[in-house]
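In structure tokens below, several structures.
Next come two complexes, and both contain chain A; in the first it sits with chain B, in the second with chain C.
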Partner chain A sequence: MKEMLIILVAAILSENFVLSKFMGICPFLGVSKKLSTAFGMSCAVTFVMVLATAATYPIYAYLLEPNELGYLQTIVFILVIATLVQFVEIVLRKFIPPLYNALGIYLPLITTNCAVLGVTILNFTKEFTYTQSLVNSLGAGLGFMLAMVLFAGVRSRIEASDVPKALKGLPITLIAAALVSLSFLGFSNIANNLFK
Partner chain B sequence: MNPIVLTVLILAVIGLLSGLILSIAAIVMAVKKDETAEKIEGVLPGANCGSCGFSGCSGYASALAKGETTETTMCSPGGAAVASQIATILGVDGGAFVQRRAVVKCRGKNDVTSESYDYEGMHSCAAANRLFFGMGACRFGCIGFGDCVSVCDKNAISVQDGVAYIDESLCMGCGKCAKACPKGLIEVIAGDNKPSVLCMNHDKGAQTRKVCSAGCIGCGLCMKNCENDAVKVVNFCAHIDAEKCIGCGKCETVCPQKCII
Partner chain C sequence: MSLFKEFSKGIIRENPVLRLVLGTCPTLAVTTSAKNALGMGLAATVVLIGSNVVISLLRKVIPDKVRIPAFITIIAAFVTIVQMFVKAFLPSINDALGIFLPLIVVNCIILGRAEMFASKNPVLPSALDGAGMGVGFTCTLLLMGSIRELIGAGTIFGFAVTAGHIEPMMIMTMAPGGFFVFGVLVALANKLADKMGKKPVEHTGCGNCHACDGCSACESKEENA
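Right after this comes the complex of A and B.
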């Protein structure tokens, strides 16, 4: 249990996917203008991350690894995750239209998102078990959500302030992202020491 | 087994399975879409401007297909061509399409009005409006920071001498600017040549004269000279009822302030 908590907290804070691993920067900069869309997008990412890990772990552990085909993981994972997301989209549209309306427009955006692919591959690099992988994916998704929601707040402040003309738009957004990322450095090693 | 063969085999099988699952799922769990709505959406310009009053083009298309509305002429950007195409799809007589355009109901350029204080702050009408209704001497007039300019998709608006100016040849009447104006100065009207009152000052005439020499003073000459009872002066500001107006132009000629154009 303690170990799971450590993995979860580490994935959310100290090893935040966006702010310390720099994955998923595209949605981070693209969809963080409004709090509501940022939240919707991160819900979709969290959902897909956990689902993708649940699906790809067995494929790697029981199909690729025994045959010494570990190097195939990238292409196989992309294939599987893309299929999975499309499938989930079809199922949602048919059976849960409200959820489809909420997440629907974001799902195609994350089919081959690098944060999603990254979390599935990093699970093996860290030699996690199946349960640990799922917890790590959940943490990665929640960390993504935290970063998105925090940054949406920062951006709404930027929109309302008088930015020098040369820095307007993306430049000031990148600077702000860098500062938020720096502040997350303060969380390094927090997970291990928190549960001592 | 030969590792190369195995690699190809595994990838091919996974790819094939994925494709199979998706195509079966797409057939089994297909959601029926309204064909008429899809056709109409194909005809609509896809600007999602909302001038029709529905949530985007797809909202308007499905409302038309379901019969919630029978107005085929509500798409301003599409114009007459789209209106007639929709009418053909639905098999109805759509009626005549009148191109709409936006007008700025203020003529308070820098040479006819003044400022009551120096404004230093966000370059936005909405922000300036919160500080004593903006820095213009007339609290009803155009602030001139161009909140309307930035929302216009067609770049039809520019600020000239402190007042927003709309290029009629570019305006498609979507009404985004009307929503963006914190003073409610912009109105979307039918694009025929009927006159409109280009002032929103509702103060008494003497007060209006103090702040702007081009404002409506509520003298009522236009009302007295209108043969069709189309002009009314309410709260010291004239209004023209577009339905009654025949566009004779008498009010334009009698207006001492020349604010009916």
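Right after this comes the complex of A and C.
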């Protein structure tokens, strides 16, 4: 249990996917303008991350690895994720329309989101078990959500301020992201020390 | 002449990182040193040229409806080849790039060029387009890697430049430094573009990625911009 908590907290804070691992920067910069879209997008990402891990882990551990096909990891994982996203879209539209209305518009974006492919591959680099992988993916998704929601708040302040012309738009957004990321550096090693 | 243009446009005028703002994740993540930046740039260039050529050859065969999955599969095949090559011959680069080597698959630059250029043009221009974009990507990464390594560690390609004279600012090789240097470089590119009478970059992030055509999250974002 303690071990799971450490993985979860580490994935959310000290190893935040966006702010310290640089994965999922595209949606982080692109969809963080409004709080509601930022939140919807991160819900969809978390959902797909956990699902993708649940699906890719057994494929790699029981199909690719025993047959010495480990090098096919990249190609198989991206196809599984792409199919999964399509499948989730169809299932949600058919059976849970309210959830589809809330998350549906973000789903096409997620196939090419490197955070999703990243988390599924990282679970193997870190040699996690199945449960640990699921917890890690959940943490990665929640960390993505935290970064998105915090940054949406920061951006709404930037909108209202007078920025020098050359820095308008993307540059000031990136510099603001640097400051948010700086504050997350303060969380380094928090997980191990918190549950000592 | 026009063939040369296909090559040269990617280097400055349509620089994928600073002008089109594509492939931001690897740009930020692997530019902690000049060597890693060069490795990433070259790996992505090889994939870009290969996938552009193959997609261009198959452009009349791939049905329109399944083109994105088809493109991704072709790109993933090239990424796997590059991955195996790097693992076998350049293990130190493999360790440094880590997860970002397989993540070239979802690099927007490659899918973007496949969708915007290679799927509509003959083989030779597509190959040159891929090469140009790759060189533009590599140069920008190299520039960013050199700046971060110089300020953050006082070295370039591992050779001491200011190390020993000026205390290096470690923060530049860490995550915040990446965002900061990238922000400053985009601001400089905007300033130069402004001087030459061109528009600054408008979209941020995935708005430029053609994988998300018709995605309402992006549309609403552009309306708000």
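Operating definition for what follows: the second predicted complex is superposed on the first by the 196 of 196 C-alpha atoms of A that agree within 3 Å, B and C clash if a C-alpha of one lies under 4 Å from a C-alpha of the other, contacts with A are read in each partner's own complex, and residues count from 1 in each chain.
FYI, a residue touches a chain if its C-beta (ideal position, glycine included) is under 8 Å from a C-beta of that chain, and two chains touch if they have at least 3 such contacts.
All figures in this text were calculated on a predicted structure; none of them were measured in a lab.
Novice: As a test of reading the superposition: which chain, chain B or chain C, is in touch with more residues of chain A?
Specialist: The partner that reaches more residues of chain A in the superposed model: C.
Novice: Going by the contact rule set out at the top, does A:I96 touch chain B (first), chain C (second), both, or neither?
Specialist: After superposition on chain A, A:I96 lies in contact with neither partner.
Novice: Kindly classify A:P108 by the partners it touches after superposition: chain B alone (first), chain C alone (second), both, or neither?
Specialist: After superposition on chain A, A:P108 lies in contact with chain C alone.
Novice: Kindly classify A:V80 by the partners it touches after superposition: chain B alone (first), chain C alone (second), both, or neither?
Specialist: Once the two structures are laid over each other on A, A:V80 reaches chain B alone.
Novice: Looking at A:L63 after the superposition, I want to know if it touches chain B, chain C, both of them or none. Which is it: first, second, both, neither?
Specialist: first
Novice: So, A:L72: does it touch chain B (first), chain C (second), both, or neither?
Specialist: After superposition on chain A, A:L72 lies in contact with both partners, chain B and chain C.
Novice: Chain A residues touched by both chain B and chain C?
Specialist: 72, 75, 79, 82
Novice: What part of chain A is in contact with chain C in the complex they form?
Specialist: The contact residues of chain A facing chain C are 19-31, 33-34, 37, 40-41, 71-75, 78-79, 82, 105-106, 108-109, 111-114, 117-118, 121-122, 125, 165-175, 177-179, 181-182, 184-185.
Novice: Quick one: which bits of chain A touch chain B in the complex? Just the residue numbers, please.
Specialist: So the residues of chain A in touch with chain B come to 59, 63-64, 67-69, 72, 75-76, 79-80, 82-83, 86-87, 90-91, 93-95, 160, 162.
Novice: What part of chain C is in contact with chain A in the complex they form?
Specialist: 21, 24-26, 28-29, 68-69, 72-73, 76-77, 79-80, 83-84, 98-99, 102-103, 105-108, 111, 171, 174-180, 182-184, 186-188, 190-191, 194, 200-207, 209, 211-212, 214-218, 220-221, 224-225
Novice: Within their complex, state which residues of chain B touch chain A.
Specialist: Interface residues on chain B, with respect to chain A: 3, 6-7, 10-11, 14-15, 18, 21-22, 25-26, 29-31, 122-123.
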